[in-house]
Amino acid sequence: MIDLLGYAAFFLSTALILGIITLGLNLQWGLTGLFNVGIAGFVAIGAYTSAILTTPEAAERVGGFGWPILAGWVAAMAITGLAAGLTGFATLRLKSDYLAITTFGVAVVVQLVTLNAQGLTGGPFGVAFIPRPFASLAETPVAFNFANLAVVAAVTLVVYLALEHLSRSPWGRVLRALREDERAAISLGKSAKSYRIQAFAIGGAVMGLAGAVQAHFIGFIAPNNYLPTLTFQIWAMLMVGGAGSNRGALLGTIVVWAIWVGAGAFSSALVPTDWQARTAALQIVAIGVMLCVILLVRPNGFFGGRRRK
Amino acid sequence: MTPILDVRGLVAGYEPGLNIVRGASIHANEAEIVVVLGPNGAGKSSLIKAIAGLVPVSAGQVLLDGQDITATPAHLMVRKGLAFVPQTENIFPLLTVEENLRVAGGVLARSEVSPRIDEMFSMFPDLARQRRLAAGSLSGGQRQMLAVARALIVRPRVLMLDEPSAGLSPKFVEMVFAQLSQIRRAGLTIVLVEQNAKAALAIGDRAYVLVEGREAHEGVARSLWDDPVVAELYLGHRRAS
Amino acid sequence: MNLQFIADGLISGSLIGLGAIGVTLTYSILRFSNFAHGDLMAWGAYAALTVLGAISALLGTVAPIGMLSFGWPLVVAALVAMALVGGMALLLDWVLFARLRAKGQSIIVVMASFGASMALRSLLEFSFTSKPEYFSRAIQMALPVGFGIRVTPDQVAMLLVTLVLVTSMHLFMSRSQTGREMRAYSQNPALARVVGIDVARIVRATWLIGGALACAAGIMVGVLVQIRPLMGLDMLLPMFAAAILGGIGSIPGAVLAGLIIGLSEAAAVQLIGAEWRAGAAFVILMAVLLIRPAGLFGVSER
């Protein structure tokens, strides 16, 4: 029973962290209509920024800054926001496909850097000994899990409220007008572009924050955490939930993550070991097909509430 | 005499429930130039596009030589004998002048294409001289000529033009319209939507004035120009703009 | 200085260029960047591998052609696979892309291609696992061709095949009626309908050609390197970069840009290190977007 509670806390924490990423994507796509295929890359930038700044000295890479965790998170948001802003600056005056292609490229390059710039990122081995909040509770797993859940939930709540506030603010109304009415975008001209860059940068910062929170939650990061599959899962979560709604984004995340984890548990319990890599592949196929089917038959998702044009 | 093109009570619009053409009826006889006039927003352009299959039709009929062609997909219209010259962007700028004609000739039998292109070039010698140039490098008047030649290459029964004089200098307007009356003399039926009432009525046989999506007046072109009611309607609009 | 990297760059660049033709065609005619294009390549390679397996099961081993590592069965398998992948691209369009295109938001189509890409790739992993496969395990000797450069007979053959495919594509687009119609449609879809061009036919031709060329490129990567489910994903960024550097819609541009990117990648391997190879395409992509987004032969940003 206690184990189950602990696991529930762990599951929810993981889901909420993914939910923060989805919230960031919802600002970029749901509110502003900007297509990001490099989510995993932006999450990785945040995770590595915070990890490098907060970990104790390590022999094989730069480090030993020993920043407090919160400072690491703020830095993660700043650096990721900057990276997203630059991406937007380079592409947002062009057709929307260019942003998609460039974000894809960003993810490829981030993957390259995390794998190969060993002096900075630790290479394939990643970064370990990332300080975890409430590490003193680690002796009693349930308390530790719940303390973590509380931290993650608090961050999620803050991000959620901030994004809700932003989307209702005049700034958010401009973004919505920009996405729904091309004429408004044209009449705003140059400042339309700057609004979009701002939205993309803030969305990126939120993703970076999620990456950082996740890094400190697990205590260890490696390039393999940030493969294109992550990007893909986040998209499925947002589309299931319904792009444009922050509540939908969170609900969609929890539902998709539950399906994903459930399918994984199912296959590891019932499928012979030598077939497990294959069933894992099949899981991704299923999510891919689901994403396409949602686009075809229910483009507004299941929990969006508000209908988008 | 049965008309070549007979449009009956056409209702059309881009979005359901938002009809711009509201029950327009016009017709054109063999070898006739029919002019469609009207104030801005009267639905002239939408009417001609609806006939050409480019705007969804919700009611009414389009008959070409007695055959019902209502809502035929746009790309099949040329095969039925109805050619259309849009107002703007009516050529392919990156194809050469000759390729513009050749691409439209896809409707013809393969062996017919080259002779037909030569015929077009003899009709428009200006174009012949520039046949290997990208069509985008032509002047406004020449582009309009190319667009007309491209429409004619398939030997249509009816040629419809949307404001061929738009953006042209008076000299070119004269040139294009002279060319059109010559084409008519060869037996082609022409439907012309125009803002430039004076020039259009000068070459037209009959004319319609379209108001709020349907025809309000019909008459012989020359007398329509002198009709005080039409002048009021039409010139009234011009004064207001 | 070792000039070998020039030969390597030209060879991998020609494959990038061949793949980029499909990307640039889809983009200019169907108006979306197809993230599943790389996976059509991978499916092509596996389709050829499967057909090849069937042929050798029926007929036993066949002697290779001359100094090459493969015999006529691979040529047959390649032709069959090209038809299959062309057909698969058509099917994908019919099931997914055409329906979304009809709704009018091109970025939704991009998203669907991203989802399809993930599904297609994982389906390969499911069927064939991620273990690399080879058309032939024969070891080829690289022959010296001067300036300290060595090439294998396979590399020369693939370079020639690419040359033939690119030339025929260029002739097809400039001389055939379908090619002209495709160019016309990419410039102005509405006018294309007015002049009697059957859009459905143009869309079909685009998928067939794009799929078949992607398949050919995939098979060639398979011959020269290896076959993996991720091979298409790895080619995607260089192919997109080549399509944009060459100027969207331009086939000679895509090929030339493919060569430039292949050479830059090879130079990066030579000068910085093999692990940074994939970064070259990104650097070029960013430079093009910032300096000249229309690309080398592009007309203007649409």
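Letters A, B and C mark the chains in the order given here, with residues in each chain numbered from 1 onward.
Simple rule for what comes next: a residue touches a chain if its C-beta (ideal position, glycine included) is under 8 Å from a C-beta of that chain, and two chains touch if they have at least 3 such contacts.
Keep in mind it's a predicted model, so treat the numbers as computed, not measured.
> Which chains are shared contacts of chain A and chain B?
Looking at chain B and chain A together, the chains touching each of them are C.
> Is the C-beta contact count larger for B-C or for A-C?
The greater number of contacts lies at A-C.
> Using CA atoms only, can you tell me which chain is the most central one in this structure?
Central by C-alpha mean position: chain C.
> With chain centres defined as C-alpha means, what is the inter-centre distance between chain A and chain B in Å?
55
> From the mean C-alpha coordinate of chain B to that of chain C, what's the distance rounded to whole Å?
Taking the mean C-alpha position of each chain, the two centres sit 43 Å apart.
> Any idea how many Å lie between the Cα centroids of chain A and chain C?
31
> Once bound in the complex, which stretches of chain C touch chain B?
Its residues touching chain B are 177, 180-181, 183-184, 187-188, 190-199, 299.
> Hey, which residues of chain C end up touching chain A in the complex?
27, 32-33, 35, 96, 99-100, 103, 106-108, 110-112, 114-123, 125-126, 129-130, 233, 236-237, 240-241, 244, 273, 275-276, 278-279, 281-282, 285-286, 289-290, 293, 301-302
> Residue numbers of chain B touching chain C in their complex, please.
52, 54, 73-79, 84, 86, 89-95, 99, 102-104, 106-107, 150, 154
> Okay, in this complex, where on chain A does chain C touch?
33, 35, 37, 90-91, 94-98, 100-102, 104-106, 108-109, 112, 115-116, 228-229, 232, 235-236, 277-278, 281-285, 287-289, 291-292, 295-296, 299
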